[in-house]
Structures are given as C-alpha cells and as structure tokens.
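Below is a structure I'd like to ask you about.
Chain naming follows the written order as A, B, C and D, and within any one chain the residues start at number 1.
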Amino acid sequence: MDILRLTNEPLSLESISKEVGSDDCGAISSFCGTTRNSFEDRQVVRLEYEAYEEMAVSEMKKICGALREKWSLKHIAIYHRLGVVPVGESSIIIAISSCHRRDSLEAVAHAIDALKARVPIWKREVYAEGGGAEWKQNAECHWRQKAKGS
Amino acid sequence: MDILRLTNEPLSLESISKEVGSDDCGAISSFCGTTRNSFEDRQVVRLEYEAYEEMAVSEMKKICGALREKWSLKHIAIYHRLGVVPVGESSIIIAISSCHRRDSLEAVAHAIDALKARVPIWKREVYAEGGGAEWKQNAECHWRQKAKGS
Amino acid sequence: MPAAADVTLLLFAKARELVGSPQVSVSVPTECSGAELRELLVQTYPQLATLQGTFILAVNQRYLEADESVTIRRGDEVAVIPPISGA
Amino acid sequence: MPAAADVTLLLFAKARELVGSPQVSVSVPTECSGAELRELLVQTYPQLATLQGTFILAVNQRYLEADESVTIRRGDEVAVIPPISGA
C-alpha cells in the first residue's frame, strides 16, 4: 500500500509510522525533513510551500513504483506539508516498512532523493529583520542538473 | 548529545524523534525494529529481551563515537526495549539528527548494524501452540562471523 | 499558420508571481517540441524571461523534455514549472 | 599453581538457564588468555559445554578475544556472553 499525502496540517511521525506498521514486518525506516532556523547565516523565520498537487501525487506514485521494483517493501508513506511550516516543524515525512531492514533503509534514502529531483513542490524561505523572502532550488532538481551538464 | 536507553516501557517514535530534533538541523532519520508475528512459518506470540545492561550502554557509547567520527551528527538516540515485547510493538528505535540528510540516513543504517553485531542484548522468541521458545542469534554477531571464518 | 489549441496554462511559485496569476488561457500550436513551446510562452508572457533557461514544462501533469515532441489538444493543461524545492 | 583471584561470573540468556543462576563466584587465574579462561569456565561449569564454541567472554564489560591476554584481579566482573540477538 502506498499512502501519499499533501497536507496543510502538522505531520505526526508516530501516526505515519503506525500507518506503515504491519505485524508481519519487523522494520520501519523513516526520514523527517524539518525547517531549519538559518540558511547561510541568514535567520529563517518560516518556510512556505506550494505544489502542483495533482502532478506531485502522480510523481510520488511513480517514485513508489520505482522503489518497489528495487526493494521488497510492505507499505510506503510519503507526506509533504504545504503552506506555512514554522522553524522546527516537519515539511516531509517518509516512512517505509519491510521484512528486512536493508530494504526500507535504502528505499527511504532513495525516496527522498527522488522526491527532491522530480516532485513539483516549491519552497519559499522567509528571513528575519526585513531580509525578505526567496524561492529556493533543489540541487537535485532533475533539469537543473541537465542544464549544468550541457 | 547521545541519548542511550534500555527500558521496559513501550517506545515512542514521536518523543524520541523530538529528543533529537534541533532548530538548526533539517534532517532526522530513524529506524524502528518491531516484533514480527512469525519466524520461518512458526507463529510468534512475543519476544523477551534481556541485556548485560552496563556493558550494553557502554557498547552503545562506542557505537556513537564511531558514528560521530564518520558523519556530522547533532543528536543520536538509541532506545532498546527489555522484557516482553508483544507482536507489532517496537524493540528498538534509533533516531539521529543532522544538518544534511545523507549523514543521518547513513549513520542510522550503520548504527543498527553495529548494535546487532556488538551490543550484549539477547532475544527469546516464544511460539504459539506449545511450540516452545528459543534464544536467537544475530547473523551479525561479531564473533559468530569470526567462528565461521576460521 | 499551424493548427492551434486553447489550453489552460498553470503558473507556480516564481512564475506565478511574475505573471501575476496562478492560471491563464493561452493558444499554443497543436504540434511542437518542449523547447518550441517554452520559447512561445516566453514570447507570449515576457515576464517569464527572467526564468528562461531554468523552467521546464509539463503537459497534462507529465514533464515535457526540451527535445521531446508533443501533440496538444484544446482543453489540455500546460504548466510552467520553475526549479523545484520540495522537502 | 599460578596465582588465582575470586571473581563474579555473570551469566546471561542460555548460559543463565544452563547454569541455573544469573551470577556465581568463581576462582580464576590472574593471568590468562580468553581461550584459556573460556576452557576453564567450561571445566568448572560443565553445563556450559553445549555453548562452547559459540560464547565469548567479557572482563569488566569489555569483550575478551580468544587470543588476547588479560590480567584479572579479585572482585573483577567476568561475563559469559552467548551469541547476541539484540534489536
């Protein structure tokens, strides 16, 4: 089962972890991305996220398909938060269950990389003290890399 | 900060994750090992764990030292449950925070491997329907591997 | 004149800010490449010029590579996608 | 007779079940290798024979390799450690 959600609500690692839990699997690996309080010496007040929602979910489904081709996984949950995400709170939680830990550990690392490369979600970083705001770009964005290479 | 605990109480991924969270770090990776309901076609009723507690904590500290030599980590939490762990509940939670995700993702994978190889904790698997109980052995136990090699 | 189709153009993040709207209607050729379509959109919306070279397009929620050809029909959804920054 | 010391012997998991106690007092040589100490403990507690070849020892909470020499003092803590199965 793939559980893919875009939500404006705070994310709960406990409940997402329980969603992927299964009595016949012994491993749950997860990754939690949170809002940091600074970026290159500038104080971050909050992040604001927006998404091309339908396409984001579609791209997440493709990621799940690719993960399942490579690893033996039970459940995959990918939750991305939209709207304002204050400092210290989670913008992304990925949790994956498997019978053997290697599968879910490797799959989680791959999932976050793939999400940062392909899922159409954008982050605006808002700074303190009149420092303004800025749309960010993932280093992993899959066409930024192509542009660099050409 | 290293948070190392052996406890007979249920483990909470949410609260352990919060313990390692930090406003200046954007990544928390975690691993959760749970009691599976079967082992090689036998139905497992529960697991029972015991530890050489002082040495277990000492070995966990060594693991943390090794992790910090290789990766840039903020906080490391390793919680292992002792006593009875029913099916579906967690026996181990490892959560690690870092500024960059690669560090905590790789460190968690390494931590669980190192724990299974070196930390003196033992698991007794109790089976259903008069199937008895059995002390288990990790494939990763560091001297089982040496014995095989010689 | 090659055939054209009226489509919905979705704009996100910086693109939305530059154009001043999250979506507009626009006429595009029914047969073209990603690069051609991108060029045409910048001509139609010069405000996107500062993003040129960094944005990519999606047609009906599917990424369109610069060297890829696509058939577009009336009512299709085209999206301007600036470099992503999810998670 | 080489010098001897009385130590606390801790027993865990299967070893505890075999010997029937979590800890006992035992006299061991003050200088020996891991292999020698293990051999002596199996002689002292034949119940451990079924674990021979699979257990390792720890002295004062530190693993003792078979080919490693150790100095043991009165009151030290020696542990019989069957193959581990944590997590």
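The rule is short, and it goes like this: a contact is a pair of C-beta atoms (placed from the backbone, for glycine too) under 8 Å apart; a residue touches a chain by one contact, two chains touch by 3 or more.
By chain, with names taken from UniProt: A, B = Molybdopterin synthase catalytic subunit.
Computed from a prediction, not measured in an experiment: that's the story for all the values here.
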item	value
Distance from the mean Cα position of subunit C to that of subunit B, given in whole angstrom	49
Between subunit B and subunit D, centroid-to-centroid distance (C-alpha), Å	25
Overlap residues in subunit B, where contacts from two or more other chains coincide	33, 112
Pairwise touch network: line, ring, star, complete, or other	line
Pairs of chains satisfying the touch condition	A-B, A-C, B-D
Residue ranges of subunit C in contact with subunit A within the complex	10, 12-14, 53-54, 56, 58, 61-63, 79, 81-87
Residue ranges of subunit B in contact with subunit D within the complex	33, 49-52, 54-56, 58, 80, 91-92, 112, 115-116, 118-124, 135-138, 141, 143-144, 147
Interface residues, subunit A side, partner subunit B - complex	12-14, 17, 21, 23-38, 87-88, 99, 101-102, 105-106, 108-109, 112
